Amino acid sequence: MNPQFQLFPDQASATAVHLDHLTAYLLIVAVIFSTLIFSLIFFFAVKYRRRSGHERAGETGHALPLEITWTVIPFVLMMIMFTWGARIFFEMSRPPDDAMNIYVVGKQWMWKTQHLEGQREINELHIPLGRPVRLTMTSEDVIHSFYVPAFRVKFDVLPGKYTTAWFNPTKPGKYHLFCAEYCGTLHSGMIGWIDVMEPAEYERWLAGGAGGESLASSGQKLFEYLACANCHRTDKPGRCPNLTGLFGSKVQLTTGETVTADEAYVRESILNPGAKVVAGYQNIMPTFQGQVSEEDLLQLIEYVKSLAKQPAQGAPTLGAIPPRLAGRGITRPPSAPAQNPKR
Amino acid sequence: MANHSLALRHQFDDVEQQKDASTFGMWIFLATEVLFFGGMFCCYTVYRSRYPMAFGNASNHLDLILGAVSTAILIISSFTMACGVNSAATGAKNALVGFLGLTILFAAAFLVIEMSEWHMLYKEGLMPGFNFTYKEFDPGHVQLFFCMYFAMTGLHASHVTIGIGILAVMAIRAWRGAFGPEYFTPIEISGLYWHFVDLVWIFLFPLYYLIARHLQG
Amino acid sequence: MAEHIVTKKQYSYVFATLLLLTFITTTVGMMDLGRLNVVVALVIAVIKALLVVLFFMHIYWSSKLNKLTVVAGVAWLALLLWLTLTDVLSRGWLPFPGK
Amino acid sequence: MITATVETRDNYLTHEYGVKSWLLTKDHKRIALLYLASISFFFFLGGIFATIIRLELLTPPGDLVSAQTYNKLFSLHGIIMVFLFLIPSIPATLGNFFVPMMIGAKDLAFPKINLLSWYIYIAGGACVLYAMLEGGVDTGWTFYVPFSTSYANTYVILTGVGIFIAGFSSILTGLNFIVTIHRMRAPGLTWFRLPLFIWSMYATSLIQVLGTPVVAVTILLVAVERGFHLGIFDPALGGDPVLFQHLFWFYSHPAVYIMVLPGMGIISEVVSVYSRKKVFGYRFVAFSSVAIAVLGFLVWGHHMFVASQSVYASLVFSFLSFFVAVPSAIKVFNWTATLYKGSISYDTPMLYAFGFIGLFTIGGLTGTFLATLGFDVHVTDTYFVVAHFHYIMVGGTLMAYLGGMHYWWPKMTGRMYPEGWAKLSALVVFLGFNLTFFPQFILGYLGMPRRYWAYPEEFQVYHVLSTAGASVLAVGYLIPAAYFIWSLRYGKIAPDNPWNAPGLEWQTSSPPPPENFEITPVVTSEAYDYSILEEMKVG
């Protein structure tokens, strides 16, 4: 098909196919109804045109049965729209558990993406074919919206919180990435490409990139640089909670509430430590607002996440801990069983 | 203006219809006002539901006694206003002027108390945008509390100020004998407005001064 | 609609009740009753508001139309709060983490 | 009904002369004309911006104006068209003129407040114009935070104040109408004898009165936050930008019904008069107006499906959104059924009514698309939405407004418009409109985001079509402007009731006398009773 005159966008994800089926239903309903209305108007306008100046209009019968009919039929059709649309929306809202994580930071006027392996890209995102991708997104300034028409995926990217979106690319190729929420002067320049590659090619791309260091280990370096480890100790009870096994667990607060330690919680605890203090600890942590960028935060979060993934039994490999850390008197965690994640 | 029959405007058939229309119009305006304040009450509700602890800590920086006293003063002014409407309806001109004067007086007293509270908060470094130096529990959300506090009490205070203006005009007109038992719709309508101002404060008082005091982090 | 003149005596009763309620709500506010503080304060505020609207503002004696107007104002405010809170409070009601 | 004495009768135009008699008038008919002049000015201003926008989008790169200028153009186009043209358009002109006349009243309940509302409108408009001349505003008409509060470098506060002020004009108009319709109806004119235009104006006024204050206070908060950096919506302090969107759409979604409900009212009048039939299912059409006004307040969250609203809330809002489609569908079906066995003439207003029903049907159907959760995710903030709301607001409201202007022009001015030119322009508007906006549905589904100054090349074909359509549309709007002005002087003298319409407004002279009716009419029959008219003629 001539790319200059497309009628339908590329279908490059599983969701895209599902959505296009819904679109077909919507279009059929719309076409039937508008054809019905248009032809009735046209037909009546011709058939009952005024032939003389003093013509009297005819009588029409009772309204009620008709009114009920044309209330109920559209309503039923619309409830189908609602249910079908909601099903697809649920599908869009729930990333599969095995999805690979990509972090996205929007700023005026560019997209910054980070792979867990450490590769960073600007206005581009390379992903392997056939693997679901989960995006964790935030903004440095105003509201943006991550939009890839070929995947039928769109979600707003807000400052101060994390939003997620996901897609499962099914066709290799380069697809447009747009910012869909007006964000200032060069809103229309905040565009990029999603590059869907064959898995093998993707592995080559990953290896050839300048990354080298994984996101979690960048986060760990930052953790040390900011001297977080002085209080958040892993070897013995410190003045602050031990972060091992924290991520994803339930945390009891001083106020008696319980929260889940997700990305938003970790983020808030770094920027606004006093807001949710863990039960049994003092509110002594200074805020890091202004000292860490959104990307730094994502690295720190990824580090905290990596602490959760460490084996419950036994010690992590020392290799992950750079010598600098050891120099600060922090050694590998005790070989005793790691903290109960439910704590 | 002394001739009451002249008060019928040409578009109405009779005085009854005119009075009805005016009161009804005022009630619609007050419904509008409910939604006008409503936008801010909505902000308050959302933030308070999210940050109860910060709101609790912030709330303790407000003076409960001052809040209660200003509530009482506004209620007194509402009472004098109601008595004013009663005087107008019974044709007691001097009493009407007197009650309007009292209402204005209490309104002014309310404003004085409110200004002194604002001044205190300013000095304590609790006025966002001007002097905000609070560094204790969760300063960001405490600032949010005071933003909403100043926005809502500010909007309310501007209504009080406008109310004083309206009541002053009414007092002068009453003094000149513009109203009598057959025609006192403007007094009644001004009264509705004034009671509405009182009404808003009846909710502002518990929301800011009372309900969060014992939540402290 | 027949004119209804409310006497100063009637106003005085309402006024006294309002002052009393203000005193009660302030006193209760000083005690720590946990969640009950919010309930008591708001219930008293609603009672006070009703007294003002019904008697000071004559809605008790007013036409149905004026009553309806009051109800509409409050109902629309409730609508604003209800649907906004539907978003704010409903996180986690459905099995979508964080949504 | 004798028309020979038109020239000699005292009417509202000749009753008084001079600038002062206009600027201090309390006559609803004169105030309607003041509004007419002002909103026409803003319409053409907004139209000029639209023209430049379409020219810029003719080619993919941003080459005609700079990005910043483009952003200001679409922002001002939106702000002016929504707040200063569409919202006051039908209520403040045709509504102001005909609500009292159609219910047999001498004036609105509060003539002074009516005049005041015009001055408030002018003050608000002046603020926006001043902001525009100083350098404009680039936030879009939606003023989304934190862009508007912390990042935009343009005249946000001044524009916001303008909208805030103009909002009060809208509230006062609505308040005036509600009181008037409740309290000033002619003897015998019960609720179910009211013309459907009155029902729709009543529903519109409800929204104006109950919705506008919320957006006013929201914009006030934005201005205060921007001025003093308070943090009310600032995420850095725990403020919530999504809360702003809730408050904004609480008004701005129902505002769409402020725009289109009066249009529906006009179409009900016109369809009935030109097919000489009572509107089919009168009560259903009447109640559907009120239903739209109320249900319209329950659906605002469908603007926020991807704005990080909770899934549960999205579900609720999507579900409720379909309910508002039902009364709209009822109206379309009833208008169509009214034509059945009618005596249909093809006068210009009827042509506009046909156009309205067609375009509103498309706009409404695509509206249900947008209420559908999964579908909306893909097309929200794209040209699909742009096309949809232009079908409702331009294809709907503006077509109805033009139809109403033609329908009532003889009554307002005492002159007929040139029928040939009018039919031509109706056709040009219809074709131009579809050519402009239909391609945008396809553009949107292809993924073209809205508010883009430059765009990828594959979208160009549809943009070229759209721009071509816009030039046709522009011509379609200029023709009526020209012949309406021409007809003021050279048009045929209009008879009192050129369309043989049964409404009260047609039972007085053209133009009407200052107090509308020589004697207060007494109503004894339902609306749209054409047999009464026949009897009157015979008698």
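By written order: A, B, C and D. Residues from 1 in each chain.
Here is the rule we use: contacts are C-beta pairs under 8 Å (C-beta built on N, C-alpha and C of every residue); 3 or more make two chains touch, one makes a residue touch a chain.
What you see is a predicted model; the values in this text were computed from it and never measured.
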item	value
More contacts between chains, A-B or B-C	B-C
Approximate Å spacing (C-alpha centroids) for the pair chain B, chain C	15
Centroid distance [mean C-alpha coordinates] between chain B and chain A, Å	46
Gap in Å, rounded to a whole number, between the CA centres of chain C and chain A	41
Geometric centre distance via CA averages, chain D-chain B, whole Å	35
Touching two or more other chains - residues of chain B	20, 24, 28, 31-32, 35, 38-39, 42, 46, 50-51, 54, 140-141
Junction residues of chain C, two or more chains touched	65, 72-73, 76, 80, 84, 88, 96, 99
Multi-partner residues of chain A (each touching 2 or more other chains)	90, 93, 272, 275
Chain contact graph, described as a line, ring, star, complete graph or other shape	complete
Chain A to chain C touching residues, read off their complex	90, 93-94, 162, 164, 262-264
Residues of chain D that touch chain B when the two form their complex	105-111, 113, 171, 175-176, 178-179, 182-184, 209-214, 216-218, 221, 224, 228-232, 236-240, 243, 246-247, 250, 515
Residues of chain B touching chain D in the complex	9-12, 17, 20-21, 24-25, 28-29, 31-33, 35-40, 42-43, 46-47, 50-51, 54, 128-130, 140-141, 143-144, 147-148, 150-151, 155
Interface residues, chain B side, partner chain A - complex	51, 53-54, 137-141, 217
Touching residues (chain side chain C, partner chain A) in the complex	95-99
